[in-house]
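Below: the structure, in structure tokens.
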Amino acid sequence: MRIAINTGGGDAPGLNAVIRAVTLSALRLGWEVVGIRRGYEGLLSDMPDGLVKLTRDSVRGITHLGGTILGTTNRGNPLKWSEKRPDGTTVEIDRSDELIAAFDRHGIDVLVAVGGDGSLTIANGLAEKGLKVIGVPKTIDNDLASTAVTFGFHTAVQTATDAIGRLHSTAEAHRRTMVVELMGRHAGWIALFAGLGGTADVILIPEVPYDIEKVCEAVDARYDGDRGFCIVVVAEGAQPIGGEATYRNGAGAGAGLMARLGGIADVLAEQISERTGRETRSLVLGHLQRGGEPTAYDKTLALRFGAAAVQLIEEGHFGCMVSLDPPEIRAVPLAEAVAHIKTVPADSDVMLTARRLGVAFGD
Amino acid sequence: MRIAINTGGGDAPGLNAVIRAVTLSALRLGWEVVGIRRGYEGLLSDMPDGLVKLTRDSVRGITHLGGTILGTTNRGNPLKWSEKRPDGTTVEIDRSDELIAAFDRHGIDVLVAVGGDGSLTIANGLAEKGLKVIGVPKTIDNDLASTAVTFGFHTAVQTATDAIGRLHSTAEAHRRTMVVELMGRHAGWIALFAGLGGTADVILIPEVPYDIEKVCEAVDARYDGDRGFCIVVVAEGAQPIGGEATYRNGAGAGAGLMARLGGIADVLAEQISERTGRETRSLVLGHLQRGGEPTAYDKTLALRFGAAAVQLIEEGHFGCMVSLDPPEIRAVPLAEAVAHIKTVPADSDVMLTARRLGVAFGD
Amino acid sequence: MRIAINTGGGDAPGLNAVIRAVTLSALRLGWEVVGIRRGYEGLLSDMPDGLVKLTRDSVRGITHLGGTILGTTNRGNPLKWSEKRPDGTTVEIDRSDELIAAFDRHGIDVLVAVGGDGSLTIANGLAEKGLKVIGVPKTIDNDLASTAVTFGFHTAVQTATDAIGRLHSTAEAHRRTMVVELMGRHAGWIALFAGLGGTADVILIPEVPYDIEKVCEAVDARYDGDRGFCIVVVAEGAQPIGGEATYRNGAGAGAGLMARLGGIADVLAEQISERTGRETRSLVLGHLQRGGEPTAYDKTLALRFGAAAVQLIEEGHFGCMVSLDPPEIRAVPLAEAVAHIKTVPADSDVMLTARRLGVAFGD
Amino acid sequence: MRIAINTGGGDAPGLNAVIRAVTLSALRLGWEVVGIRRGYEGLLSDMPDGLVKLTRDSVRGITHLGGTILGTTNRGNPLKWSEKRPDGTTVEIDRSDELIAAFDRHGIDVLVAVGGDGSLTIANGLAEKGLKVIGVPKTIDNDLASTAVTFGFHTAVQTATDAIGRLHSTAEAHRRTMVVELMGRHAGWIALFAGLGGTADVILIPEVPYDIEKVCEAVDARYDGDRGFCIVVVAEGAQPIGGEATYRNGAGAGAGLMARLGGIADVLAEQISERTGRETRSLVLGHLQRGGEPTAYDKTLALRFGAAAVQLIEEGHFGCMVSLDPPEIRAVPLAEAVAHIKTVPADSDVMLTARRLGVAFGD
């Protein structure tokens, strides 16, 4: 048996733990393991380093490392491959047959695809074409519907909570309002959990459109009494009632340009400063949320997912994704796993907890 | 409505977050909140500082603090109160009626009891006597059966995983075997999770009696090849096949004396050193596992539990414990919650993951 | 004896440790201690909470807290007080006599002024007018000339080094260039130390004007061979050869507006992206560098400074600043302490170390 | 030019940063670098893996790792080599000529010896025999006299301070006295700095023999008033007035046996518990102080030492040790560097600070 591992999309703390668990579990069964470097492009173009053999040595000491030793990429969907034509136009072609042929040529029996919504949709497409595929869920944002949670999320929340904690002292010392922008374009889980644990006063998430007047009222209320400062946590996809989200990095634009156009935190800081007259500062946590050593929770979860993926292969249970259904791991069909994303329900207990604690959502 | 909060038994990171969430949630409903200082003793003896009023100010900035602002104690079970008789003997008397009268005298309508197996058994006893009680589960060891997990556990695992990580570098540099003793007298959850995330080579837990020969074989195996060192993680309640656990602190004995008698880590280190000839060192993590700032995961979980406790009071749902049934919080009867403890099942996926990764359990 | 403590300017981790050490040391001598809240404004306007008595209780458990329990402000220089005239114009007036009268009225014998260049210049002005003053140096940027180092700097460097470490994994996984903007308008110490410890590839500081071509060459060089990613650390005051610094927050402008205009990190990320074609992202660490728990190094240094300040008062040695002259603390005249700022010398061993390790400075 | 690096004695956070800095600095000059594996034994016995070539690849990403990639050992002094005779007795022989011949045979021009008192004494012995040697100071304990400080110390202090912080919450919750044993057989620097930064109530160090009665008085005093708990920090070499130190691990004894005999923390906890009647617990931080990622301070210091060592080689300045003379690095003769150890002076400002803050030393 020869299995290949692919890590796709944005990196998340715990990817290396998955790679280690799949590799060690498979080697114990006498199987071979290879890693696909930097997405499928290398495999499609038969680049010499597109595949790398994974041994006990190659996965030693990687559990605590962020990133992925295989590299990753947000580009290169084999089902919808962007190709430039001689006339300068771009067409999307389906290269999945070609990719499956490449797997075949390299003697790969099973693909373990570790990824989020995008990568798992690709994995599902390949599964539907007959490739034996096991999916492993990966999302910082916690927006995958078919698993209670996946690795990376709690590490991002920890990083964000620590950052909010640091801002408390400087906000308090200067009686400032601090606006912190966290990840979450479509789902506000990171902002909600980190805002709650970091005792933010205002939390704005995509699921609850906000009224800037109510946000400013909540800010002002924090200056009454002895507290005298305010922490506003905002998910990057938060949006005003009747308005649209203000993304920092739009598709196709250069990073520097977009940053200068500003994101939601900058817009909010300016609005709050103007309307309340309070000294207001913004901070964008950005890529700090993706990097670094996974928390202990995420290390064990990632290792469990990796080992469970090998168990599914042993059982011949393909076309599935491993999923956390506490306290156990189970398998869900890939098609079901990518059917829709998980956003914060208005009546989830975390939302209700925040409201009971007096957090304002601007609604 | 006037509610009282009690924190009992060993301290756990997250207790203060529970206190804050109960207090803020109750104050928003216009209720009064008091804290019971250092267990029930003060209340029974009507000590002047036995009760303290909890306000927004008293719970400000405590979410990130370890310990409990109310103090706690392992002594003083009102159902089985140890009392010295004039003749020097000790008898156990039931002072629960007296305690319920004290609650009455202080105008307390509901008791929120935050504790582990022992404290919740007391809470259940009081509930059976007619007191309106809500339980909040607290256990570092993760051995409460009626909740998926509770606050404190993942913080302890994080602390233990970090410690194991620190020992890796010194173990590797000196080609040593390090034996690390973690908490867990009856349940090996901390050792299992921390050992897995910290990539220990051997994990010994109460649920899997070990054969010292097999442990030593596993140690020796780590010196074959290039690795050349070994990490053994042992729960304090681990025991040899056919033998008994070697506790560090026995009941009634002074701390210093017991420490000198040594615990399981010292015994194991000596046995491994003698049988394998490997340089072996031991470390007892002890109280470091109880203290310090809760992880982000535990902060939010503790806050959710506290808010849910107030919701149960609102709903008039007494005699229950709040419980995590992911992704939501629900209520379970107190009697059910304390009926039995939760140990590591041999076929749990975490155990199977460890075995797939090559961890030895000495069995 | 009655002494007053003032914390001025931006907050820095360790301020509370200074307050605790001054307070406990003074109380042991039987002195009284008061804290000046939020700068001199409250004292000048005789606001009721402008002064707060400091006791053992008020300084309990504050050593590990960031910020300052007294509050601070960047506004309100009593020597150059901005006052609005009826015609709308603003004049600067000298209110130092008024302030000294206020000290007198409140029976304050000595002022302990904890601050950076600005606050210590004020302190020196007050000393020249006859007030008994002891200065305690505080600067995140490490730009005070008369002390080897002061508290706050190494905490900021630690935070920045950790952040750079987090970005490594995501940079490597995606083969990106990450541009990280750190504090330092006139002195590049934070960028130099954090860049060195965080193993950055390029470090740009105010002291070494850069050539963008050379920066891009250095970036490209990191993609040759196996590394395939690049970390650029830039102090906010770094400037191109012959050009000017691009500050994020200019004087007088609102925070949001300025953030949108962008700072040096955004400019650099755009330039590098355009010239090298490499995927480039920027991150501005901002206020995270000011906040949070001080490192152990900064805690002890701040405590030593506080205790030394009280010793100088005991010795009647006024008009001085405590200063670290390793391994001891000594006193330097305030006038000397604020005479000039300390920038990175081109031949300092830290610079030479960075160059020996292959770090590019763009020169 | 071909240089060899040796890391000797106990491991310390920062060793790998020295190795990286020496290697990168030397490679830039076109030199070759080899690492001596696990002390001199491999070299003396011509073991095949006794020397390993160091390249850019071998030192990539090691700055943040604890331990040493070369391995280390506390055994094997080539000047006093223990050799078993056929009759069972052991003799010490001088194998330094043999070792110098081995250096010659492997074409090694210069030895960079990274170590503490013991390793540098060996290095000095080799230098006196004519080998070109550069020393780099390494000591967790901060007891090397000829350098202001060296890497490893501040990381150990940080770890110890964090641990004391964790114990505060559990001590306070249970109104306990916690006795924490830290490293330091002859010098109390770690206990003094960590005790000060961790706000311990009692600090016992080898330099100040203690009276157990005075220690207990200080403990009791902490229970007067509202605090109600006590933190005692003790260096492993602390000793009662007129008594001797109680080491945990005596020479020649097995680790387990020694641990059971107990160290100073256990003895103290028992004495305090008996005399004061306070609930007392002990914790031995042990190897946790050696391991883990270096602090940012130690990373840069270690890198600076490594780069400075190469500069000394370039300048032909042999027989020296690099040393921190803030703010610069300078060279001191090896003979001077190992002449005596640095203990805590009674009148050092850190001691005086602790006394001003009310810390008891039991004297």
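Letters A, B, C and D mark the chains as written, and numbering starts fresh at 1 in each.
Just so we're on the same page, a residue touches a chain if its C-beta (ideal position, glycine included) is under 8 Å from a C-beta of that chain, and two chains touch if they have at least 3 such contacts.
By chain, UniProt protein names: A, B, C, D = ATP-dependent 6-phosphofructokinase.
Just so it is clear, the structure is predicted and the values come from calculations on it, not from any experiment.
Using the touch definition up top, find the fewest steps from chain B to chain C.
Each step joins two touching chains, and the minimum needed here is 2.
Quick check: more C-beta contact pairs at B-D or at C-D?
Answer to which pair has more contacts is B-D.
CA centre of chain A versus CA centre of chain D: separation in Å?
Going by mean C-alpha positions, chain A sits 42 Å from chain D.
Would you mind pulling out the distance in Å between where the CA atoms of chain B average out and where those of chain D do?
It comes to 34 Å between the two C-alpha centres.
Measuring from the mean C-alpha position of chain C to the mean C-alpha position of chain D, what distance in angstrom results?
Roughly 32 Å, centre to centre.
Check each residue of chain A and list the ones that touch at least two other chains.
Within chain A, the residues that touch at least two other chains are 162, 165.
Pull out all the chain pairs that touch, please.
Chain pairs that touch: A-B, A-C, B-D, C-D.
Inside the complex, what are the residues of chain D that reach chain C?
For chain D paired with chain C, touching residues are 20-21, 24-25, 28, 57, 60-61, 63-64, 148-149, 154, 157-158, 160-162, 165, 193-194, 196-199, 226-227, 295-297, 299-300, 303-304, 307-308, 310-311, 326-329, 348-350, 352-353, 356-358.
Where on chain D is chain B touching in the complex?
7, 10-11, 13, 15, 38, 65-68, 71-74, 159, 162-163, 165-170, 172-175, 178, 254-257, 259-262, 265-271, 273-274, 279-284, 286-288, 290-292
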